[in-house]
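By letter and in written order, the chains are A, B, C and D; residue numbering begins at 1 in each of them.
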Amino acid sequence: MEHFKNPSNMGEMKDPDVTSKVGNPACGDVMRIYLKVGKRDGEKYIKDIKFKTFGCASAIATSSVTTEMAMGKTLEEAESIEEKEISEELGGLPKIKMHCSSLSANGLHEAIYQYKKKEGLDISEDLKKKHKIAQKTLERTKEMRRKHGLDEE
Amino acid sequence: MEHFKNPSNMGEMKDPDVTSKVGNPACGDVMRIYLKVGKRDGEKYIKDIKFKTFGCASAIATSSVTTEMAMGKTLEEAESIEEKEISEELGGLPKIKMHCSSLSANGLHEAIYQYKKKEGLDISEDLKKKHKIAQKTLERTKEMRRKHGLDEE
Amino acid sequence: MKKVNEDRIYVDNNSTTPMDPRVKESMDPYFGEDFGNPNSLHKRGRTANDSVKKARGKVADLLKSKEDEIIFTGSATESNNHVLKGTAFSRKKKGKHIITDKTEHKCILSACRWLEEQGFEVTYLDVDEEGYVSPEDLKEELRDDTVLVSIMMANNEIGTIQPIKELAEVTHGNSDAYFHTDAAQCPGKMKVDVEELGIDMLTLNAHKMYGPKGIGALYKRQDVDIDPLLHGGGQEGGERSGTENVPYIVGFGKASEIAKRNWKKQGKKLTDMHNKFIQKIQNRIEEVKLNGPKKPRLPGNVNLSFIGVEGEALVLRLDERGIETATGSACSSEELKASHVLEAIGRGPETAHSSLRVSFGKFNTEEDIERMVDVLEEEVADLRSITALDKKGKIGD
Amino acid sequence: MKKVNEDRIYVDNNSTTPMDPRVKESMDPYFGEDFGNPNSLHKRGRTANDSVKKARGKVADLLKSKEDEIIFTGSATESNNHVLKGTAFSRKKKGKHIITDKTEHKCILSACRWLEEQGFEVTYLDVDEEGYVSPEDLKEELRDDTVLVSIMMANNEIGTIQPIKELAEVTHGNSDAYFHTDAAQCPGKMKVDVEELGIDMLTLNAHKMYGPKGIGALYKRQDVDIDPLLHGGGQEGGERSGTENVPYIVGFGKASEIAKRNWKKQGKKLTDMHNKFIQKIQNRIEEVKLNGPKKPRLPGNVNLSFIGVEGEALVLRLDERGIETATGSACSSEELKASHVLEAIGRGPETAHSSLRVSFGKFNTEEDIERMVDVLEEEVADLRSITALDKKGKIGD
């Protein structure tokens, strides 16, 4: 669990091109991804990526791995990174922790979505769907917090 | 448990004046008492007493103690020996074994009943009642054996 | 292997067994440094968790089941209660009928009686004079609303080995009922292969196979779904809650490993011992009745009635002379009733109260047999000289 | 007394405790020569039986109950299931209503949920922000058909000590219901006197008081009559069947003897430790929330939420550095839900997922506190530098 003890690409980024936010604190997992996008051979690619995670050891480790995997990739390549690859990269996760790799994948995809939207780029149907799911989770969270009156806390 | 390992007055008696039989094999306890009655100072007394018991360790030990207690006593004295005294003589019996001391008392009382009946002596109401209970137990046993068809065994 | 007790002969192995020293050894670390709770996240917890997993694998190996089909419980009693009540309550919409037989261990019978009070219906199958349940009888009693059949693998008192494979086939071929067997007496002495037997659930415990007292297991086929008996923190995959008894689970694993390795050899040794013992007794003592099947019987199990000799008295006389045995007589039970098993095979009360159970285990030797027969001959003769019953075991006149 | 682990700091004593070496020692003979089954007539059986009796006396002494009011079970989980289901089924003609509260151990709550499925009705009382059940609330919910009230004595997560005496009085003064309390966390740290408390039933287990895992006890007042959970051979006076776990029963006896002798001293020591620890943390780390009552709390129990720091991650970071703790976060539970106890006292999910439970035991020392505070300060800072939540523990924008 080196990725848990000494995670890579961790922390805030100054002047990111875009930031995403995914997760559900009711489940104990929230993640932010910061992206800087560059251009290489006419293609947009991830020039820098950082994360912040509120989550368990697996969530932190998958965040770290995901950012390592995404770094330097073109947007299209990064968009196609799936949770399965992430957990494989980590040497496999227990079934009960699979949601952690899905969190990191979501965080990455959401960041790319936000970037593409901001820049007015084409967004694939698949990415749109992913974005919707991420949004819904956040909505549910807000609702729950309202319901429980949690802001008084 | 010396009375269990080496019971006193155990075994059959040749030419007894009377024999009694009490108990219920369904409960694992059957006892026979053999009596020889003598006369001393004009009073009838127990000149010799022996027992045979099919029963657990406590049943054997109480049989042994009961015969020791009765030996040499007048019939009236012996008639008044109660199960409580018997168990006390043995240093107390666990509650669950109290029925064993009652078995021995019953055996003794039944033998005296049979003797008095045979000799045409006066029988107290109390002794009559005790006899009736002993008879009923035996009856129930026979019935049960019939019901279970046990004689085929 | 060193005898557990040098001067006394312990032949009550169907009641409980001495612990194998290797089992004890396997448990020790978990009473010390490795005391962790398997549910904890930290290292001590994970160590405990790994050990439980390993032990589960060993029990699964013994039964040829999958790992996650093994649920650790607190006893065979608990496993049996779990099966009966768990099935009854979870399937009550499908039906409320259960079938078992009259020679089951009391934990099956009294759980069934309680279920009857709760509105379930139980059929108690008769057995023949050797203790066998008949597959035809079972077939006749199966109904559309039968949800469970529970028949023990080997009887703890009289050693009858039931035709489990056949009974399970009859059950599955003629109903939707689950088939459960209580196999507490079997491992380490005979083959117990859940696949081959074709059963749905099976009860085990450790203390009949040289493991500790107070731990049991339940094999439950993956697709069998019943209610838990102990609800709570969700241990054992939610099937049986409560902090895991790590040392005993590890010990159970070790005992299973040994049982799996040795059952053939042990089964043969114990069978030879009980056969030799029965023959010697029958040669030297008159009026002895063998209770249970002639052969084959549960390896090591002997049950004899010495006519006219009350069982409890005989057990205590033998005990005085250093031989530890058991009886189906029950002069110290609340109801004073002799064994329900002996009654079920048609023994009358006198015979039932005259029973002696001798059960050999792996620590017994040939010399034990010689000494036992000598002592038995003397004590039976002595108690017969006191008995109030006649030669046929009757009250007479 | 020698520390159990020299290099690692174990502060998860509310989960399970290391075994006291004297307890281990007391158990050992029963894994060897004295392996007998207490139900056997012979000497080995009687020896075992006597030992069980003696141990029962010691547990009774601890609680100031009568000997035959103590029933040995396989765990606190079993004792609690026994009380709930046994009372529900035996009193169902009188009524089908049970009252408990939202902060009970899961074994109470899930047994209640199962009973609801069987047609019983359960009221789960709210607690205030420190975790207290209010006697007034209880009074309001009591009904003619209430048959049982079950409120724990001290909460295992947040250390709230309930006003049991008062709650029992309210129950008995306003209904025919039995009053039960789960006191698993209490012995050896505080007074547990069943007479003084005026309760009908009480749950205990050994592994929270330096005894073995896999044994529990149930105090049941003589005149309280409920159904058994484990039916069978009639052990424990027919209240709980199954061959007795003699070594653990003996160990439980020993642990009780020690707990009875030392509870005052230990209670004070543990209270001092938790107070000192809380204070140091609050002095050195910002944005820390104390969960549970300010004081008095269950001696040794600390529950803190480090805002923005997920609990499971913190536990594992501390574990890497040799400190063994627990959390109310449950990233590895099926439902991913944080502690129901923290929810019941009004903690939001972020705070609940940020909780750390530290529970001191008798083997901890003052030096442990120093080292722990240093390490915690570092790890909390590090995890806060990664966290996606803002300073208030919110998601922000």
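Just so it is clear, a residue touches a chain if its C-beta (ideal position, glycine included) is under 8 Å from a C-beta of that chain, and two chains touch if they have at least 3 such contacts.
These numbers come from a predicted model, not from an experiment.
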Remaining touching clusters (ignoring chain D, no chains moved): A | B, C
{"item": "Most distant chain from chain C, judged by the mean position of its C-alpha atoms", "value": "A"}
{"item": "Rounded Å distance between chain A and chain B, as computed from the means of their C-alpha atoms", "value": "91"}
{"item": "Inter-chain centre distance, chain C versus chain D - centres from mean C-alpha coordinates, in Å", "value": "34"}
{"item": "Chain centre separation (chain B, chain D; CA means) in Å", "value": "57"}
{"item": "Whole-Å separation of chain centres (CA-atom averages), chain B against chain C", "value": "40"}
{"item": "Multi-chain contact residues (two or more partners), chain D", "value": "312, 316, 332-334"}
{"item": "Category of the chain touch graph - line, ring, star, complete, other", "value": "line"}
{"item": "Chains that touch, pairwise", "value": "A-D, B-C, C-D"}
{"item": "Chain D partner contacts - residues on chain A that touch it in the complex", "value": "1, 4-5, 7, 10-11, 21, 23, 25-32, 51-60, 94, 96-97, 99-100, 138, 141, 144-145, 148, 150, 153"}
{"item": "Residues of chain C defined as touching chain D within the complex", "value": "4-5, 8, 10, 12, 15-19, 24, 27, 31-33, 35-37, 39-45, 74-78, 80-81, 89, 105-107, 110-111, 113-114, 118, 205, 207, 212-215, 227-234, 241-248, 312, 315-316, 318-319, 324-327, 332-334"}
{"item": "Chain A partner contacts - residues on chain D that touch it in the complex", "value": "308-313, 316-317, 320, 329-334, 336-338, 346-351, 353, 385-389, 395"}
